[in-house]
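Just below sit the structures, each encoded as C-alpha cells.
Both of the next two complexes hold subunit A, though its partner changes from subunit B to subunit C.
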Partner chain A sequence: MLFVARRLGFACLQLVGLALLVFFTIRAMPADPVARLVGMNASREAYLSSQHALGLDRPVWVQLVAWVSDVAHGDFGRSWVSGAPVMQEIGRTLPVTIELITISFVLAFLVSVPLGMLCALRPGGTADKATFVYSLFAGSQPEFWWGLLFIYIFFAVLGWAPAPLGRLDPMLRPPPVVTGFITVDTLLAGDWVAFRNGVHHLMLPVATKVFVLSGPIIKMVRQNMVRALGSDYVLYARASGLMPRQVAMVALKNALAPALTLLGALYGYVLGAAVLIETVFSLGGIGQYAVRSVLAFDYPAIEAVVLVIAAISLFVYLVLDLVHAWLDPRLSQ
Partner chain B sequence: MSEMLEALHPPPAQVARPMPPALFLLGCGIVALSLVMMVVGPWIVPFDPGRPGPDIGMAPPSLGALPALAWAVLRGLPHAPVHWFGTDETGLDVFSRVVAASRTDVAIAVGANAVSLAFGSLLGLAAGTARPFLAGLLMRVSDLLQAFPVFITGMILVTMAGRSELTIVLALALLYTPIYIRLTRAEVLAQRHRGFVDAARALGRTELWIALRHILPNALTPALIQASVTIGLAILMTAGLSFVGAGVRPPTPEWGLMIADGSNLMVQGEWWPSLFPGVAISFTVFGYACFSNGLERYCAR
Partner chain C sequence: MKTLLPIGFVVALAAWGPARAETQILFLTEDVPAGLDMDGPTGSTNTSQTGFINMSEPLVYYAYGPANEEGVRTLDLGKFEGRLAESWEFDPESLTWTMHLRHGVKSCAGNEFTAADVVYSFARAKSVSGQAPTGWFVASIGSIAGFTRDVFKPGADRSLGDAVTKVDDYTVKIRQSQPNRLFLTTLSIYADYPYDSVEMKKHATEQDPWSHVYVNTQNVPSFGAYCLERWVRDDEFVLRANPAYYRGKPAIDRIVIKKVPQTANRTMTLRSLQADLTQRLTTREYNGLRTASGVTVAGIYGNEVLSVGLNFKTPPFDNPKLRQAIAYAIPYEQIARVGYAGAARKMEGQYPRVEHDYMRPATQYATDPAKAKALLAEAGFPDGKGLEKYPDSFRLAYTAEREATLGPIATVIQSALRDVGIPIELDPMPQTQISDRRLVKKDLPMALNDIEKAVGPDVTYATQLYFVSPAVGALNNFVNYNNPEVDRLFREALAELDDAKRTPMVRQIQEIVHQDLAWVPLAETKTEYAFRSNLKGITWHPENSVHFIDLSLQN
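Take a look at the complex of A and B:
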C-alpha cells in the first residue's frame, strides 16, 4: 500500500513539473503565436488587440497563475484556432489513438510471446536466428513508410483495403458516441455494418503497428524467457520430472512479469509517436491534433496534449508496474 | 535428456545471444557507407537535387531495360541521362535526391548524438561523483526530461524554435541527453572504487583529475554502444518529423520529406517517389541496429 502511494505521489510530482516546464518552454521559444493568428500584414492595432484577447500581454507570472487555477478546476481553456474547449477536442481524438494502439499492442503481444518462447527454448537454433534477424529488422523500421507501402499493395494494387481516409466510410453514419472507440460504439449500437467497416479500416494501420511493435516485444520475451529457463526453479521443475511443455509454462509465467514493465514504457513511447501512423491513414487521432496545434502555436492545446499524453503514459506504466509487483512480491519491499 | 544436460550446463553467453557474424559485417558496411555518403553524397549525384528537369513523373526504367542501360553507362557509350529511380511530380531526379539526402539525415543524427554524448557523459560523470545533493538533483531533472513524450516534444521544440537542421540537432540532443547521463552514471558508480582509481587517489591526484582521466574513459563503452543505436533512432525521428511537416523545410533533400511528398501519389499507384527514400531509411537504420548489436556482443565477452 505504501509502495503504491509513493509511486502515485512521485508520478503526480512528475506531472506538475512537466506542466510547469511545458508552460515556460513554449513561452520562452522565439515563436510568435499572435503573428501566426492575425497574419503577417495585420495592422499594429489588430496585433495588439489580438494579443490582449489571448492574454499574452500580461506578465508571464500572471498568465501562469490564471492557467494553473483553470487547470486545477479541470479547464484547459479554449483552442486559439477553433475556439472549442480543448478538453472536448481531446475527448474526441484521444479514443481513436487509444483504440488503435491498444489493439495493436494486444495483437503484437499475442504474436510475439510464442515466437519469443520458440527462440528461448532452443537458443542458437535456426528458428532463433531467423526470429532474431526479423525482430532486429522490424524494430528499426519507419512505420509511416510501411503504412504507405501496405496502402500501395493492399489498396492501390489489390483493392482489399478501404481508402486510407479515416476510421469509417464517409457514406456511413457514425454510431452515437458512448466510449469514443468506434469498434465498441458500433457494437453497442448493434450496427454490424458499421462495425465491420470500422474493423476493415483498422486492418492496415494495426498490421503496420503490429509489424513494427513485434520487434522489441519478441526481443524482450526471449531475453526474459532465456533468463527464466536458466534459473534454479526451472532446474527444480525439470528435476521433478515435469514434461518440457509444463516446464515451459512455469518459466513463461515468470518471464512475462518483468516484460510487463517494459511493455508499459513502450506503450507511452508509442502513444507519443502515434501521429505518424495517424497521418498516413488520416485517422484523426490525438497525434494529428497535436501536430495541428503545434504548427499553429496553439498554446492551450499544446499544453493540454502534452499533459494528457504524459499522464496516460505514466498511468499505464504505473499500473503495469503494480501488476508486476503483485506478481513478484519481492519488488514491493 | 539433452534438455536436462542443457539445464545442468547453461549455455554460454554467446549461444544465448545469436548474432550471425554476417549481420555484423552488413551493419559495419552500411554504417561506413552512410558516413561516406554523408560526406560525399551531394557531390557525386548525376543531377542537381534542387533543380527540376523536363521529365515530370517519369517512372524508373523497367527491370528488363536495366542491363542495357547499365552497360551503356559503364562503357561510356552515348546515352540519354538515366533517371534510375524515376522523377517526382516537379521533375526532380529521385535517385539524386535520395543520395543527397543522406547528408541531411545522417549528419543531423550523428550531430545530435555527438552533442548529447558529450553533455550526457560529462553530466553522468558529475552525477556519479558529485555530492549526493547535486547528483540527486541532476537525476531528478533527467527523470523529468524522460517523462516527456519524445516525439511530440521534439515536434514542439523544432517548430517553435524555427524549423531548421540546427534546431533539429539541438532538440534531439536535449531529448537524448538523459539516456547518456543514466548510462554513464551507472558505469561511473561501478568504476569509481576500482583498483586503478584508488591507486591514483593514493598518489594524491585531485578528484577532478581522477574523474576525467581515469573514470570517464573507462565508463564510456556503454554510452558509445548506445550511440550507434540512438543514431538509428535519430534518423527515424528526423524523417518522421519532416514527414508530419515539423522537420526540415521543403526544398531540402530529406528522406522523410520525400516520402511525404510522394504519399498522395502512392495512393494513386505511383510508387517510386516514396519507395526509394523509404528503402534508404529502412536499410540505414537496420544497418545501425546490426552494428550496435554486434558491438554489444563483442564488448560483453
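Take a look at the complex of A and C:
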C-alpha cells in the first residue's frame, strides 16, 4: 500500500513538473498563434482583438494562474482550432489510438513470448535463425513504410484488405459512441455488420504494429530466457528432476520481468508516436490530434494532450511496478 | 515463420466488406472542417470553408461560364446573377443598394428566408465578436457604412445602425460609405452569406449572443444546398441534400467527406474506384491517375500562384535594379517543370489571368542571366560584390510543411541566383511562424509564397489586398510595397462604376506594380481534381472549394 502511495505521489509530482515545462516552452516558441487565427485579415486592430479573445494579451503569470485554476477544476479549455472543449476532443481521439495499440501489444506479446522461448530453448536452431532474420528485416524500415507496403500489397494488389479510410467503411453508419472503442461499441449496439467491418479495418494497422513491435520483444524474451536457463536455480531445478516444461516455466517467470519493462516503455513511446500509423491508415487518433495541435500552436490542446499521454504512461509504469513487485517481492520492501 | 503471421491475420479477415448505396459520393480530403464559423478560428482554412460554403448560400454570385478544354466548368467572373437576392438596384446619390430577396427559400431547419436574416447576418459581422472578424473584413472591403476599423476601439459602437435596413420581409437596403465597385464582389464571398436568424437565435447565450460556439462546433443554420448529417472532427463530415433547396433538390443526395491525410492512400483508393473525388495530390500522382481506368483528372488555371516576395523594407531589396536582376535570373520554365511537372505556366503579371479586369503588362521578365548580371552591376553589386554586407536579407523562407513541393523549387532558385552572383540560403520554417512573420510582423526579407489567393477574383480587390499602402487600407501587403501612384489609381478605380472609364486605370495599376516587381511572380499553378469518370459538373470557384450542387452522377 505504502509502495503504491509512494509511486502515485511521485507520478503526480512528475505531472506537475511536466505541465509547467510545457506551459512555458510553447510560449517561448518563435511563432504566434494569433497570426494563424486572423489569417488574411491581419490589420493591427483585428490582431489585437483576436489576441484579446485568446487571453494572450495578459501577462504570462496571469495566464498560468488562470490555467492552473481551470485545470484544477477539471477544465482544460477549448481548442483554438475547433472551438470545442479539449477534453471532449481527447475523449474522441484517445480511444482510437488506445484500441489500436492495446490490441497490437496483446497480440505482439502473445506471439513473441512463445517464439522467444522457442528460440531460447534451441539457440541456433531454425526458429532462432528465422526470428533473427525477421527482427532484422522488420526493424530495418520505419513502420509507416511497412504500413504503406502492406496497404499496397493487401489492398491495392490483392484486394483482401479494405481501403485505408479509417475505422469503418465511410458509407456505413457508425454505432453510437459509448466507449469510443469501435470493437466494443459495435458489439454494444448489437451491430454485427459494423463489428466485422471494424475488425476488418483494424486488420492492417494492427498487423503492421505487431510486425514491427514483435521483433524487439522476441529478442528480449529470448535473451532473458537464455540467461535464466543458464542460471544456478534452473540447474538446480533440472538436477531435482523437474520436467523440461516445468523448468521452462520457472525460467520464464524470471525472464518476463525485463520484457515487461520493455513493454511498458514501448507502450508510452508508441502512444506518443502513434501519428505515423494513424496517418497512414487515416485513423483520427491522439497522435494526429497532437501533431495538428502543435502545428497550429493550439496551446490548450497541446497542454492537455501532453498531460494525458504522460498520465497514461505513468499509469502504465505504475501497473508494471506492481507486476514487478509481484514477480519479485524484494522490490516492494 | 513469424513474417507470415500478419499475412495469415489478413487472409483470415479478408472477406468482410460492406456494399455501397447510390446517389452518394465519397470525397477524400486532407482534412474535414475543423470549425464552421467563418468568424471563428478556422475561417481561413480551405477545408473548413468547404463545409460552410456547401451549407449556405450567397445573395449574389457569378454566372456559370463554359467548361475549359479539360472539362472543368468556369464562372463568368464579370457577370453577377441573383441567388438569395433575385434582383438589385443601386442609387448613386444615396450610395444605397436595394436588394430584392427571393420568396419561398427554406433553410435546413425549415425557416423561410427573409430580410431579417440579412440584417441579422450583417449585424453579427459588425459585432466583431468572433475570434477572427472575417465577416467585418469582407464587408469593409465593400465599403458598407460603419464597417471601419473604429469598431475595434474599446467602447466602440458595434451595432449595425442604419447601414443595413429591412424595408419589408423581402427587401433590404444596404448603404455604402463611399462609391465602391467591389460591393457585389464582396457579397459573393462566403464570409457574408446570410444565416438562418431564427435558428441562430435559439442557440444564443448570454456569453455568446451571436452563437459563435454553436456555429463553430455544431452546425451552420443557413439556406444552402446541403444540410449537416454527421460531423466527427479530424475524421468525417457528412452532408445530406436540402430537399427544400430553392434551385431544386441537389442531384447527389449524400456527400461523405473523409479525411485521408496520405496523398498515396487517396490516390490508391480512387484508383480502386472506392472513392469518387479527391484533390491536392502530387503532380506525379495526378499523372499516374490519368491512365487509370474509370478515373478522370482535370485541371484549370485558377487563382493559385507562386511568387517570391522581396521585402521593400529590407535593404538591399529597396533597390529596383536588384529586384529586376532577380526577376531576370529566375528560370521560369525549370520551376514549372521541377515543381509541378508541367502543370504550371509562367505568371506574366502580378495577377492571375483568371481575375476580372486582368491585362497582360507590356513589361515582361524572361529568363536572361546575362541581363540579370548587367542589372546587378547597375544596382551597384558587380558580380555580387557588396551583397555580403546583407547576410540576413538573402535567406529564402518557405513553409517547411510544403517541403515536398517548395523545397525543390527553392533549390532551383538558389542555384539560378548563385549563377548570376547572388548567393542565397534556404530557410524553411513552420507554417505558424511564416504566418506570424508575413501577416503580422511583415519582416520576412525573402519568401516563397504559394498560398495567396484573392477570394474576390478581381484585380481591384487583389490590389487592395496586396499592393496599396497601409494608409489606403492595405490588408496583406507583406512586402511593404508603397507607390503613391498605385494608391491614387486604386482609389479612382474603386469608385469608378463605368467599365470603360475604369479599364485604363486598372491597366496602369497592373503595369506599374509589375514594373516595380511588388512580387517576383513565378508561376500560375493548376487547380486539379481527380474523380470517377461518371462524376460530372466539376466547377472551379475562387475560394477553390468544390460546390457539391454543381455535381451529378451519370449512369
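As a working rule, the second predicted complex is superposed on the first by the 320 of 333 C-alpha atoms of A that agree within 3 Å, B and C clash if a C-alpha of one lies under 4 Å from a C-alpha of the other, contacts with A are read in each partner's own complex, and residues count from 1 in each chain.
Operating definition for what follows: a residue touches a chain if its C-beta (ideal position, glycine included) is under 8 Å from a C-beta of that chain, and two chains touch if they have at least 3 such contacts.
Everything numeric in this text was worked out from a predicted model, so none of it was measured.
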Combined model on subunit A where subunit B meets subunit C, clash or fit: clash
Subunit B versus subunit C as contact partner of A:Leu172, first or second or both or neither: second
First, second, both or neither for A:Val226, with subunit B first and subunit C second: first
Per-residue contact with subunit A, leading partner among subunit C and subunit B: C
Partner chain in contact with A:Phe211 - subunit B first, subunit C second, else both or neither: second
Which of subunit B and subunit C A:Phe297 touches, first, second, both or neither: both
First (subunit B), second (subunit C), both or neither touched by A:Trp160: second
Partner chain(s) touched by A:Val111 [first = subunit B, second = subunit C, both, neither]: second
Subunit B versus subunit C as contact partner of A:Val34, first or second or both or neither: second
Which of subunit B and subunit C A:Asp57 touches, first, second, both or neither: neither
Touching partner for A:Val280 - first (subunit B), second (subunit C), both, neither: both
Overlapping segment of subunit C (options 78-86, 222-230 or 402-410) - the one that collides with subunit B in the superposed model: 402-410
Set intersection of subunit A contacts, subunit C complex versus subunit B complex: 30-31, 137, 148, 151-152, 155-156, 163-164, 279-280, 295, 297
Subunit C - residues contacting subunit A, complex: 1-3, 5-7, 9-11, 13-14, 16-18, 20-21, 24, 26, 28, 34-35, 37, 40-44, 128, 130-134, 137, 149, 152-153, 212-213, 216-217, 232-236, 256, 258-262, 264-265, 268-269, 271-272, 274-275, 401, 430-433, 435-440, 465, 475-476
Subunit C partner contacts - residues on subunit A that touch it in the complex: 30-43, 45-50, 53-54, 80-84, 89, 92-93, 111, 115, 127, 130-131, 134, 137-138, 148, 150-152, 154-156, 158-166, 169-172, 193, 196-197, 199-200, 203-204, 206-208, 210-211, 214, 218, 279-280, 282, 284, 288-289, 292, 295-297
Complex contacts: residues of subunit B adjacent to subunit A: 3-4, 7-8, 10-11, 15-16, 18-20, 23, 143-144, 147-153, 155-157, 159-162, 232, 236, 239-240, 243-246, 256, 259, 263, 266-269, 271, 274-275, 277-278, 281-282, 285-286, 288-290, 293
Residues on subunit A engaged by subunit B in the complex (per definition of touch): 14-15, 17-18, 21, 25-26, 29-31, 123-124, 128-129, 132-133, 136-137, 139-142, 144-146, 148-149, 151-152, 155-157, 163-164, 226, 229-230, 234-235, 238, 244, 268-269, 271-273, 275-276, 279-280, 287, 290-291, 294-295, 297, 302, 305-306, 309-310, 313-314
